[in-house]
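Notes follow once the structure below has been shown.
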Amino acid sequence: MALVRLIEYGDAVPEVKAVYDDIMRTRGVDWINNFWKALANDPALLVRTWQNVKQVMAPGALDPLVKEMVYVAVSATNGCEYCTHSHTAAARKKGMSDAMLMELMAVVGLANETNRLANGLRVDVDEAFKPKSQ
Amino acid sequence: MALVRLIEYGDAVPEVKAVYDDIMRTRGVDWINNFWKALANDPALLVRTWQNVKQVMAPGALDPLVKEMVYVAVSATNGCEYCTHSHTAAARKKGMSDAMLMELMAVVGLANETNRLANGLRVDVDEAFKPKSQ
Amino acid sequence: MALVRLIEYGDAVPEVKAVYDDIMRTRGVDWINNFWKALANDPALLVRTWQNVKQVMAPGALDPLVKEMVYVAVSATNGCEYCTHSHTAAARKKGMSDAMLMELMAVVGLANETNRLANGLRVDVDEAFKPKSQ
Amino acid sequence: MALVRLIEYGDAVPEVKAVYDDIMRTRGVDWINNFWKALANDPALLVRTWQNVKQVMAPGALDPLVKEMVYVAVSATNGCEYCTHSHTAAARKKGMSDAMLMELMAVVGLANETNRLANGLRVDVDEAFKPKSQ
Amino acid sequence: MALVRLIEYGDAVPEVKAVYDDIMRTRGVDWINNFWKALANDPALLVRTWQNVKQVMAPGALDPLVKEMVYVAVSATNGCEYCTHSHTAAARKKGMSDAMLMELMAVVGLANETNRLANGLRVDVDEAFKPKSQ
Amino acid sequence: MALVRLIEYGDAVPEVKAVYDDIMRTRGVDWINNFWKALANDPALLVRTWQNVKQVMAPGALDPLVKEMVYVAVSATNGCEYCTHSHTAAARKKGMSDAMLMELMAVVGLANETNRLANGLRVDVDEAFKPKSQ
């Protein structure tokens, strides 16, 4: 049970309905997931977050599947159950296989391990890795 | 200054030298970065970590550049300065442009934001996102 | 099911009962929540933690509602389900509306996003932001 | 040295200059801090992030000083050096005294402690804290 | 329900069965826990992770019970429900009492608190704590 | 440069001096490290934090060296530079060798890795690991 009411389409103000419509149209689905229904308690937050997601996750210098996998990697690192489920589902829809998911998790696990080895031993950044004077 | 001595090639035991040689050969470089010199205080840890990195970061279901970018994403999320520098350098070497780095960071930032919105509002996972009975 | 037994009032040693009584009196409630019942397995930890909470969350330079909202912000950032529920309930009791909760989450989300943008791009702290020589 | 070039006003494209102008006007300052100069490598990210910050941190159900302190609390929890400095400076400008900062940190520290006690002992959420059926 | 199928012994390829056999033999148990059944979707990841766990958790400069308690401390800090349960169970099997668990959690909580006080106030490391020139 | 003034012994109020004296006496040193000098801006926070540290880190069900190593493990996981330095120094003083530090980091790294594998694949806790009805 979320900490706030989930706003269903029928109960939504026009501003929220417009976002719901855009989500369904953009994603080619006929339902709204709970995340957006919770944000809808603050229409400005809903509008802003959806615009951000829509803009950031669109094709660009990186392809959308790579972006979804990065999203899963961050969500797994942070332990976000909701986001891990929702973005794994989205990544599968865009073509992520089980083999790709397992490799993704292997990288995520390894990065989390070596992050702590480097941080825990307080290893100094090598000069060669530092950006050149700009 | 790291919490342990950095083991230079000339001071290394044969087991460590063998790993250093393999790192330089695999990466096509002629120097060893500080991370490995710190791990070399525990040769078993050095051997194991290098084997893990070598295996996980090799081409597979995901391509090596995608893996490097996922590594950067995790390191940025965890705030690991060393790993962010070293893996950004590695990703650039494999072809990551500034435009790709900026988009990667945009996804990392957004994922960290929505992870907290979902966790903070305690949004339940939608049935449609849950894996089917297996 | 917690990893340790929950100590009910009737089963508690006098030192624990005294803390339970003080919690109920201070908060104006007639029950003890599970967090304290778990800590009661180590009476010294229970006494110390309750004294800390009582002292820190009391009115001071910041008002108690602001403190509760900061508590919720940290708990959401860390993904602590228990603390998010318990401190959201406490904040509501002290006057936090749904609108305030939603805005709080918007700030928490945004801060988590920009924390990673700043950390991920390794942006140097501007001189103007650094504390003056003291 | 940031991982990307810092874009100075004189080198900026018009879209970036417009954001810089709005930042200076909104904040009543005559300089741009490094965070925005780094984001300016991706004008769309700069525009979006500034709009988000401007909207979220404006007066609303919570007052701007409370919002800044929540920002500091999250940044301290995540260990973001840049954001801790920049938002502490912003909070001081809005009236945060040393006494308020110290109390804020006391709450942040305590929340981080009890988050781990609750998570580590796997304490179940009390029924009384759960939101009522909605 | 895990995001991938749990591979039972009877359905496993020989490489996976060999790891399962080694896990049961090493730990003196006659069943395999879900973590390994999930990793088995990627036999190379399973083999690698088990070898790492077996090597790292073996007696060495630190005794195995101390290692298990450190594992619990990290898992509690990260909020990993699965690992907190599995490693608390392992630590109990190796002799951890309730009193030891409670004291462990007290240290974990306190460290998480003071980490944020030090990070949040941006306290500089004392010269006396820094490693000597090496 | 810390965000608040560091309070030197000569500038301290009697309540703070008393804590400084107790720290030096308890630890057998003749100086005060920066962490306490920063907390001294809020004497109540200083008193409370020192009492907590003194109580929690004293010999009990766990020995003080194990506690210091757990402290280092948590600090490395959270990326706290100050605490990693100060508690590594404290652990060395209590007998931690380089070999013990390296093994400690190996456990910390591995736990951070498997925490994400378990969280990322959303593995369900095995019934056998769950605490029995209490």
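Each chain gets a letter, A, B, C, D, E and F, in the order it is written, and its residues are counted from 1.
In the analysis below, a contact is a pair of C-beta atoms (placed from the backbone, for glycine too) under 8 Å apart; a residue touches a chain by one contact, two chains touch by 3 or more.
As the structure is a prediction and not an experimental result, all values here were calculated from the model.
Student: Using the touch definition from the top, what's the fewest steps needed to get from chain B to chain F?
Tutor: When the steps are counted carefully, the minimum from chain B to chain F is 1.
Student: According to the touch definition, list the chains common to the neighbour sets of chain A and chain E.
Tutor: For chain A paired with chain E, the chains in contact with each are B, C, D, F, in label order.
Student: Identify which chain pair among D-E, A-F or D-F reproduces the interface of B-F, meaning that over half of its contact pairs, matched by residue number, are the same.
Tutor: D-F
Student: For the homomeric pair chain A and chain F, should the interface be classed as same or different, according to whether the shared residue numbers exceed half of all numbers used?
Tutor: Interface between chain A and chain F is built from largely the same residues.
Student: Taking CA centroids for every chain, report which one is farthest away from chain F.
Tutor: A
Student: Taking each chain's centre as the mean of its CA atoms, how far is chain B from chain C in angstrom?
Tutor: About 33 Å separates the centre of chain B from that of chain C.
Student: Let me have the rounded angstrom distance from the C-alpha centre of chain C over to the C-alpha centre of chain D, please.
Tutor: 20
Student: If I count partner chains per residue in chain D, which residues reach a count of at least 2?
Tutor: As it turns out, chain D has residues touching two or more other chains at 1-4, 49, 52, 56, 73, 75, 77-81, 84-85, 88, 99, 102-103, 105-106, 108-110, 112-115, 117, 119-122, 130.
Student: Give every residue of chain E touching chain A within the complex, in rising order.
Tutor: Touching chain A from chain E are residues 3-4, 39, 41-42, 45, 49, 78-80.
Student: Can you list the chain C residues touching chain D in their complex?
Tutor: The contact residues of chain C facing chain D are 1-4, 31, 33-35, 38-39, 49, 52-53, 56-57, 60-62, 66-67, 69-71, 73-75, 77-78, 80-83, 85-89, 97, 99-100, 102-104, 106-108, 110-115, 117-126, 128-130.
Student: Per the contact definition, I'd like the list of chain F residues that touch chain A in the complex.
Tutor: It is residues 72-73, 75-77, 79, 81, 84-85, 105, 108-110, 112-117, 119-122 of chain F that touch chain A.
Student: Contact residues on chain B for chain E in the complex?
Tutor: That would be residues 1-6, 44, 48, 51-52, 55-56, 130-131, 133-134 of chain B.
Student: Which chain E residues qualify as touching chain C in the complex?
Tutor: Chain E reaches chain C through residues 79, 84-85, 88, 98-99, 101-103, 105-106, 109.
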